[in-house]
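Two complexes come next, and they have one chain in common, chain A, joined by chain B in the first and chain C in the second.
Up next is the complex of A and B:
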């Protein structure tokens, strides 16, 4: 049941009606039932996996909490008799027991994810190695089910269990409430990856019907459908034509494909998240924002603070920091300082943990070398940018251009090109071809190739291009208003009633009339569904 | 406190760490800076700041960071 299908729209309609007509105490159980029905419709077998993740997290989080309570009670009871060292040793022993439980839970859940998602990738690489050594033997691929949204709900649940281990969240005592946190259907398939303490309160509390909240949610849903159906699904045809035929579409068209894909991915992913957040909002539930106008970033670091924010903060909090500040890493840093000097020693934790983060980010996106290399290329670019920071600083000290709007514009365009060129790894079938096409973009660039006839050969009509151009202007304008004045919906809501309704119906008309194939035509799923 | 201020100032000479209390909130220091600061604190004070203590409240000002170091030293 894709977000763009009639059945999904009917499904949310029914859930919405029941949500506000049934007694308020039934709201969260209704959402749990709806989430499991949603998942059951996708495939009954998926329920086994999400159920296993939920139950394991429930059992382990209760155990972690119980150990903490046991520790606090023991320290309180022996306050007068325990020496500082004894107290420290006791706490360390409890932490070690908690760590074993946490590790068990992580291995179990990440193990499921790894086996289902990466087994065939490992087999393919192993077969490649066998062939390289001239062996005729090959291992057969295995037919494994990959539950929808497994990467998202596994990471969300592991975040929760780590928070309980750290003591920043208490364990949820009610299994069904935890089950809703893991499976909340609007965000199940493509995130955001919520934190328990951010989502839980509004997820479980009772909500009365509020016209403003519901209107805001509906605007957001329509805006999401507009981005997905009118922009992403339209430009998809041209992107596919270019990337699936690299022999024909070279030079300038590699650049065109790269920029078209940047627009498609933005409209697709942010559109999907708008629908998710909008659905939750109509029910009074606050889901964490996942984007903050990423294409207005002035450098790659800023871009990653604005794009897929919940994934970025997840990797920072649960991979980057734990690796970079763990005792072995600090010892390695000390050793490196003593051996190679301060300059290298200081960089060791940052470089090694960043490498781990970007490798994981790459492989999280998909079991292919394209994604791994894409992740590592991000790592390389970020580190080069980090090392060049003193040079930028010198440049800015000498030339007072930092506040100049044209200089800012150039920085934004530079960042868009840089990020879009890295995204080429999403497009072409393998890593060598991606590198080749990147070079080809410069070596075979001929302006005369980019003529009207060639553009019309990409599967889009002249009217499509005009429409996409108008949409682009609209997307940029909305982003600039949000950046400078805040919420566009606040502005719409402050306008006369007639304007509010006009915007609402214009959005519906735009989606129905200009949607590439119309809602209900499941031409393409959301790109991030496959992760 | 002086040693901590020196660590911070070496990292960002342009910032007045004695008065600034929005180091994380205003994105004056980022995750790379935080790791470098933790590594330097480990060198200087022999204190390990665990990952769960890396929250904005502990890193928003030099004072908050110093209090964290003292608390970890006491534990």
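Up next is the complex of A and C:
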């Protein structure tokens, strides 16, 4: 059930009506039932996998909690008799037992993800190696199901179990409530990757119908549909035309394709998240924000603090920090400082942890070298930018341009170009072709190729381009207002009532009339559904 | 005393908002739907039926082989038969069935004439043709069933119920015609007959393909059964015809199956391809597109011949004596003659028909 399908719109309509008409105590069980129905419609077999993840997380989290309670009770009971060392040793032994349970749960769930998502990737690489060594033998690919949203719900659940292990979240005692946290349907397919302590409270508590909350949710949903249906699915035709025919579309059109894809991805992913957050909001549930106007970032680091925020914080909290402070890393750090001095020594743990994060980020996005190289290119750019920090500092000391509006604008444009060029790895079929097309963009750039006739050959009409241009201005304007004045919805809500209705009216008409859906359009699934 | 629960204040405003939104969407839908008033006019045929003010004793159902080959005006002028053609481009067998069912909601003819060419198709073919046939139907359970039977894989029932969901993308193709014909359309047919007066003699057609299986499909034949049963139930005579169009090829094997079917159920079946000489069809002068469809001359010959049979075998009223019909048909005949004259004028001026 695509978010943009009539059946999904009907589905959320029914869930919404039931949510506010049934007794309040039925609200979260209704959401659980809806989530499982949603998943069942996608494929009944998916339920086995999400069920296994839920039950394993439930059992292990209870065990972790029980061990913690056991520890607290033991220490309390023997408060007077235990020495500090004995207490420490006891705690360490409990932590070790908890660690074993955590490891078991992580291996089980990440193992499922790895097997389902990466088996064929491993086989393809193995076959490549065999061919390289002249072996005629090849391993056959295996036909595996890849449950919808498995990367998202697995990471969300593993985040929960690690939080319970760390003691930052208590274990959920009710299996069904935990099942809802894992499977909450609006965010099941493309995130955000919520934390238990952020989502749980509003997910399980009872909500009365509130016109403001519902209106805010509806605005957000409509804005999401506008981005997805009017912008992303319209420009998709041109993007596909360019990237699927690299022999024809070279030079300037590689650049056009790169920028079009940047717009498509932004409208697609942020649109999807708007729909997700909006649906939750109409039911009084607060889902963590995943974007903060990423294309207004002035550098790549800031960009990653604004783009897919929940994924970034997940990797930081559960990969970067644990690797940075783990014992082997501390030993390595000490060794490097002693051997290579402070300058290099202090960088070793940061570099290695960052490398691990970006490698994982890449492969999390998809089982292909394109994504891995994309992740590692991000790593390279961020590290270079970090190393160049003293140079920037010198520049800024000499030229007082930091507060200059135009300099800020140039920084934003630079970041957009940089991130868009890295995103080319999403587009072209393999890594060598991506590098080749990146080079081709400069070596074959001819302005005269970018004529009206050539643009019309991309599958869009003149009217489509005009519409996209208007939409682009609208997207930028909304982002700038958000950046300077905060929530646009607050502004709308503060306006006269007629204006509030007018915004609803215009958004609905814009989506219905200008949306690229139905016969004649290749309505695509959300790009991030594939991850 | 029971306290009445008052609706919250926002409910009234929301209802008003919804009403304004729905009215706007309705107007936009009227604007965006194709009007079929120029270029491809066949899409306007289905809806024209609902403008009829008189009843019809003979109903034709089928594809272009009925709406281009039979002239109800000739049937009236020569025999006083009141007839109507519910046909449209590539109208499939199940669509003919549902158009028959739809017609029976308004009147019960004495005879239904079904052109059998559509039986060659056993599955939905084209969204564009589906639309031309079904969009014009008035909303009813019959229409929904027609949609259900006709949809190709990518189509959706909701797009038929709310056509704006299908035609929204026409916003960039709108023309003055879309505004002009938002609520009222010009008449383009003569009781469902689409007139063409130009002449294009028949040419050689490519050799027909050899088929792996000549059996007519069960889905289409199932709808022929349904058509027959519906006619039996309503006491209507069902007549099967194959028009004298030469392309697409009508195989002898298909012809035999239809003949056998007609024999089994006691139906009349006429293959006018085989009877072309008896009808007097001259493929050098009576077709406007090299043998695919009859022009006015061909249609009038065929109607004259077929009308004779209808008159002799069915107790049809001669409506030429009915003042109400006289008045209605006088107007129809004027329109028929005016269109013929206009087409002749265009033919003289431009050497081809450009407006029809």
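Operating definition for what follows: the second predicted complex is superposed on the first by the 526 of 531 C-alpha atoms of A that agree within 3 Å, B and C clash if a C-alpha of one lies under 4 Å from a C-alpha of the other, contacts with A are read in each partner's own complex, and residues count from 1 in each chain.
We adopt the following convention: a contact is a pair of C-beta atoms (placed from the backbone, for glycine too) under 8 Å apart; a residue touches a chain by one contact, two chains touch by 3 or more.
From a predicted model like this one, the values you see are computed outputs, not experimental measurements.
In the three-chain model built by superposing on chain A, chain B fits alongside chain C with no clash.
Once the two complexes are laid over each other on the shared chain, residue contacts for A:512 go to chain C alone; chain B is not touched. Shared-chain residue A:400: touches no atom of chain B or chain C. Within the superposed three-chain model, A:461 lies in touch with chain C and out of touch with chain B [touch as defined at top]. Within the superposed three-chain model, A:497 lies in touch with chain C and out of touch with chain B [touch as defined at top]. When both complexes are overlaid on chain A, the residue A:88 reaches chain B alone and has no touch with chain C. Closest contact between chain B and chain C, by C-alpha atoms in the overlaid model: 40 Å.
With the contact threshold set out at the top, not one residue of chain A is in contact with chain B in one structure and with chain C in the other.
Chain C meets chain A in the complex at residues 8, 10, 13, 17, 20-21, 24-25, 28, 32, 127, 154-156, 158-159, 164-166, 168-169, 171-172. Those residues of chain B that touch chain A in the shared complex are 27, 30-32, 34-36, 38-40, 42-43, 48-52, 54-55, 75.
Chain contact summary for the complex, chain A toward chain C: residues 6, 211, 461, 463-464, 497, 501, 504-505, 508-509, 512-521. Interface residues of chain A facing chain B in the complex, by the touch rule stated above, are 88, 166-168, 301, 305, 316-317, 320-322, 324-327, 330, 333-334, 337, 346, 349-350, 353-354, 386.
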